[in-house]
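Shared between the two complexes below is chain A, which has chain B as its partner in the first and chain C in the second.
Entry: the complex of A and B
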């Protein structure tokens, strides 16, 4: 009885979180303001006007380039760290984690300080050194936006490929070497094909992230006078509001995402290699010999541009009274930290909101993920496939579009959530439910059912055995699943920017509000605070889990 | 209307606000509250504890100074505010109103047309502040029905880096090739000030004016204050910017100055209004009333804005009598801003 009740509750939650908003999104796309009839007029308008088509082209260019760069850099990086004796592998991995948890809009703000055509610090240094008329970098361009987004997408490919290389049994490669294959041939004919599904997964992940990204284009592409789909969607929300048009315009983004994920399944499905595993021979790391230090230098470059330079720029700016004066003694101050933490009520409550909403969202997502994953993996319910599909569906919906769905569904009775903290909490929980769900499913699949069966035989009910046997065994997987929702919720912008109200502002929306009118110091300070908190949490979790979060994420 | 309705305030008859008691309204004609009524507003505001304010009038730091001056005058009433460009705060407000969510008390946009729309939606409260007669006659009554009042007087004019170039003396000169790669603007779809300026230029010179500037590749930002950042940061050297922030930065030693163009500085009358369903109705009215106090005008003067009151001198002796200015009327803004935003998109791509 109790198990049925819990399951029904989880189902109701799924309906509220996924089914209703997506249903409303579709319904809204057919609505015409002030007209009773539904029609496809919004679709016609959205996909025939050239000013709306241009951004779609830009988005596809940006996403393709970002994904290509991310794979081209992430794959060799993963190989270096997993398979060679390059020095400092632990530190390099930690740096990649730091890039992984950095929201790319913060990177964009940092790179505005570093590479604005005339005022960027790197360009100024270049001009000072070469006496050239102009610096070589221009962050306010499509290329600039691609560069910044690629930097923060490298960790996806890295993580997936690194994971694949670690799991790959050593026997095949060893067999190849015994048969006389040299290192290059071995890599190309054995290792790379085995890693291909992970590489494709990395490409698709980065492609989708770049397609859905709102913050970086808003920061870099408006000055570059370019629009992408997400900035166009933002404009539809401006007066006169065209939410119906926005909903129609969003549909292809969902379709493209769904199509790509489907293709990925097909591709990987066909290429699934059954590796008859043994407990594994030891793998020899490829010795790099005299190339060791050169390899270290190369491996450091992504971290240099994604972590060192941006954080230095943000830190210096946050400690400056006025960033334009540069880091000179009289300009150094803790003013902005005092301002953010003590003097400014808005930033204080935003910090509290980010935490409480993230905490609640992670808890809700995890509770639902455990319940449904348990029911599905243990085949306690019919239609397990359908439930899995619903849990994973938010993955194909970019944040900004999910926000439109949530606004359409919950800004009126019977469920008026807009204006309350709940709409943000539920939106965050929904956005990152797929991460929690896939984490829990894979953890449950590896967990033998024998112990649960033993408990049942001894007379424990379904719920009791879940809570006394399964949950304790899943502790570490649950903690990592919880964190994998909590951390992205903390840095979520594209959903929050449409769903917050003055009373529910979070850190990212406050950062966005400070991002115009040249409040670089305020943005940098809030950015440093959000990252200090995030990295502290990652550090603690590493202690608790005994491994890195990034490695815990399933490919 | 918890506290306010209990008092002896007269009730307006008729209209959608019937049954609500609002201080300062007598027989349907808006009138300022008496000093004792202000004291009542303060008592009510203290119980409410807070006023929630959206503001596009000035930069973050000026808004903080306004907040601090208000809190100094009225201890016990906190000010929670968001500073963003006019179109962004308006978009958020309309999104809230559409969902019937009422969290905002006071709305300070720089696009006067917003208030006409909000009035049509019956979203504003009638309120006339004390000391309205202290401000220049010509701006004393923006709305005869008293739904919104003047909150700030601001200028859009030429901003430039005096160590790098001579300013354009006329707006028309911005198409001069010597300004190629030098110009920076805000965006009319974000900034109300920029919207006012673009409509004024369009109506004066036609859209060809902007087409002729396009080859100079202006950098487009969101806020009008981004123009100031771009100039003092060295990213660009000239643009259409504000008087206030630029003069404040100039006084602090930055390389920026303003030029009052010969073909007219644009004057913007940025309004203030109390929301009809403000969650803190007393604090909201007390806050709007504060805008006509000496303290508020002193903050404006200190930050190089025009003081609203005649008895507070401006920081640099600037006076509207000495400047050649023009102002876009609200009826024109209503149709003009959406029109130029669309044209802007065609010409500049964003």
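Entry: the complex of A and C
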């Protein structure tokens, strides 16, 4: 009966994490302050007033541009690295991964240092070189926000397309070669169309990311007084609070997300892209000849603007007494690191909070994911599809909207969680539950039921065989699932910004507040610390997991 | 003229690794079907990839007619070789319809649109796929995909058609049917074909000549009948058809001493006396006789007494496994009416005209 108890607990947790917040979100959207009956008045107000329609238009412009740029850069980049003999492919990939792990709000902050209208370093260099009156760059604009978000979205398309190109059987392209198609024709008529599902997936992913992104627009567009949907939602939370209006305003974002993900599945349609290939085939790389070095230069540009420049700016700023003076001797100091780690109680407790909340969230999400995934893949319970749907539902809910749902569900009795650490922990766990769940499901699917059944025929109960056979075999999958929740939780901003209180501030909310206050040295220092901690964790776990990860590969 | 001449071809993949293709010499006549037959890892697919121009040889040359296609100095790319290829996975493009797949090579060759339509329809008709022209590959069965691959390869009227295990993903019935279709296709078009397979029956049905490959080398080239009847190596002997291979020492130019008995063959070999050699004899050529009542039941030249260890009734034949002095196991097949009990002693006659001595 222990198995039943565990399962019921997991169900209760799912109700608290997913069903109640989303239910309350919808309920709240129908509420009118100080009125008893429900109505659609909030929807009417949200979608007819022109001051609220403007941000929707801006969001669509931003998302479309970001996704277009990300695909336009990411696709050729993936092709260069997967299919040509461009030099330094390994290093180029590492740089793209570095862009991938950089939270885009940190990139936005770095670009504020580089390209603020007057004080930005690049503008200052320009003025010094040309004696112009002012520099050409203004990061506080729609174009600036699009630029920064596109930079950190390129890795999505890159990763999807690169993966598709690697998986594509060499015979597909060889068949075109032997029929007489040269490199360019082969690439355009065979290679790219076969990678189209990955390109579309990259576009949709970036579109949704840009739509749901809060940090970058908050940093770059609020000062420009240009709102997008997410910053408008943030404004609804400022005084005077309009929670009900925010809930109504958020609904289309969920619908658009769900619709696009559904569309993506349908688009492939009749041309199911299941390809059989033979093993051990060798692929010919397209020789670039004298274009090799030019291609390397072009491939380096995205990394230059997404990684080199921002990290240089952040690092130098964190080491400067005052960043406006520039990185000159006499201005350099470790003061801010000492300040963040030793002297300042706010940053200290924020670091502790980030760790403990992330730890708790990852553990909770993993426990639920393992339990539900096990019950569903082993068909131990009815309504497995519904359970999968609930576990995956947060995937279509942008973080900021999840936060509104949590706020409306748990800022009053009977479950008053707002103001405690729990609301942040549960929100983090919910937000990244889909990652843990899909990770565990795929791990369990590769694990034969017979392994467990063998234990059960020898007399072990269901729970015992689970813990003596399945769990040890899943150990590395569980650890990587845990990390896939812990690491994003460390850098989560869009949920945390709505749910934290001064007593429960985490590193990202502290960064946000410092940036708001113009304390860029502190922002840079905390940003560098977050990245250093993330890298250290990834490095250590790679060391620990690397070996067993390889060994755990099912045949 | 699409006469293929391969000379001293060598290829290795890892710098210090073994040779995947080791000094292969092979000539394929214009209009001939040549099968490269061998177990997996024997170098047959690598040879085909070299022929197609996907790989560059480390040593040796490939010529077609007067044209030098491959040498260590450089290769003519696959797209300029006027060849077609059928891949093991078919490599039918999933984003194109059957029609578009077949038309691709014609578009590349800038054939006028109207001619493309008529040629594609003609070839689809020939492979009985015309009614499925607008389907996508995911909606086709394996056999239908195979036909599309065939149509796509021949519609461009290549000089040479390369086939890489084209039938290995089909089920047994379909495979047998397609063997004959490929042969029929060849007889109708006269295209020179190089056909890679590990299936001896497939090679025997489709090919004019077979090159037996092993360990990167060509062991023997010949018509199916030549290889079956006069295998030159123990490997060639055992790879085509079932064969008893008896190891021994050469004691005369045409005589081998195995442990416990001596076998003479019809033809001698040019090996020194005392060298290791093997005698090959096919199971159906061994004549079994009862020991009971035969006074001369002793071992003599080309005759040995053995004990039945296994007996299988297969309807049309009986299949025996017989242990002879020295511990070797021989197989013999007889008509089903001849029955010997397991454990009983029998004489085995090894007719001199069916024994062949080959190098070990």
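Note that the second predicted complex is superposed on the first by the 534 of 555 C-alpha atoms of A that agree within 3 Å, B and C clash if a C-alpha of one lies under 4 Å from a C-alpha of the other, contacts with A are read in each partner's own complex, and residues count from 1 in each chain.
Here is the rule we go by: contacts are C-beta pairs under 8 Å (C-beta built on N, C-alpha and C of every residue); 3 or more make two chains touch, one makes a residue touch a chain.
Just so it is clear, the structure is predicted and the values come from calculations on it, not from any experiment.
Superposition note: with chain A as the common reference, chain B and chain C can be accommodated side by side.
When the shared chain is aligned, chain B comes close enough to touch A:419, but chain C does not.
Once the two structures are overlaid, the count of chain A residues touched is higher for B than for its counterpart among chain B and chain C. In the superposed model, A:129 lies in contact with neither chain B nor chain C. Of the two partner chains placed by the overlay, only chain C lies in contact with A:196; chain B stays clear of it.
Of the two partner chains, chain B is the only one that A:522 touches; chain C does not reach it. Once the two structures are overlaid on chain A, chain A sits at the apex of an angle of 170° toward chain B and chain C, using CA centres and rounding to a multiple of 10. With both structures placed on the common chain, the touch criterion links A:176 to chain C but leaves chain B unconnected.
Touch criterion met: A:185 reaches chain C, while chain B stays clear of it.
In the superposition on chain A, contact of A:227 is made with chain B only, not with chain C. By the touch criterion stated above, A:346 is placed in contact with chain B alone, chain C being left untouched.
Of the two partner chains, neither chain B nor chain C is touched by A:35.
Of all C-alpha pairs linking chain B and chain C after the chain A fit, the shortest spans 48 Å. Once the two complexes are overlaid on chain A, none of the chain A residues touched by chain B in the first is touched by chain C in the second.
Interface of chain A with chain B (complex): residues 51, 116-119, 140, 221-223, 225-227, 231, 235, 237-241, 322-324, 344-346, 407, 411-412, 416, 418-419, 498, 501-503, 505, 513-514, 516-520, 522.
Here chain C touches chain A in the complex through residues 13, 49, 52, 54-55, 77-81, 83-85, 87-89, 91, 93-95, 104-105, 108-109, 136, 138-139, 152, 156, 162, 169, going by the rule given at the top. Put simply, chain B touches chain A in their complex at residues 52, 54, 59-60, 64, 78, 80-85, 87-88, 90-92, 94-96, 98-101, 103-104, 114, 117, 187, 189-190, 219-223, 225-226, 228-230, 232-236, 252, 254, 338, 345-346, 348-350. Chain A meets chain C in the complex at residues 169, 171-172, 174-182, 185, 189-190, 193-194, 196, 270-278, 282, 284.
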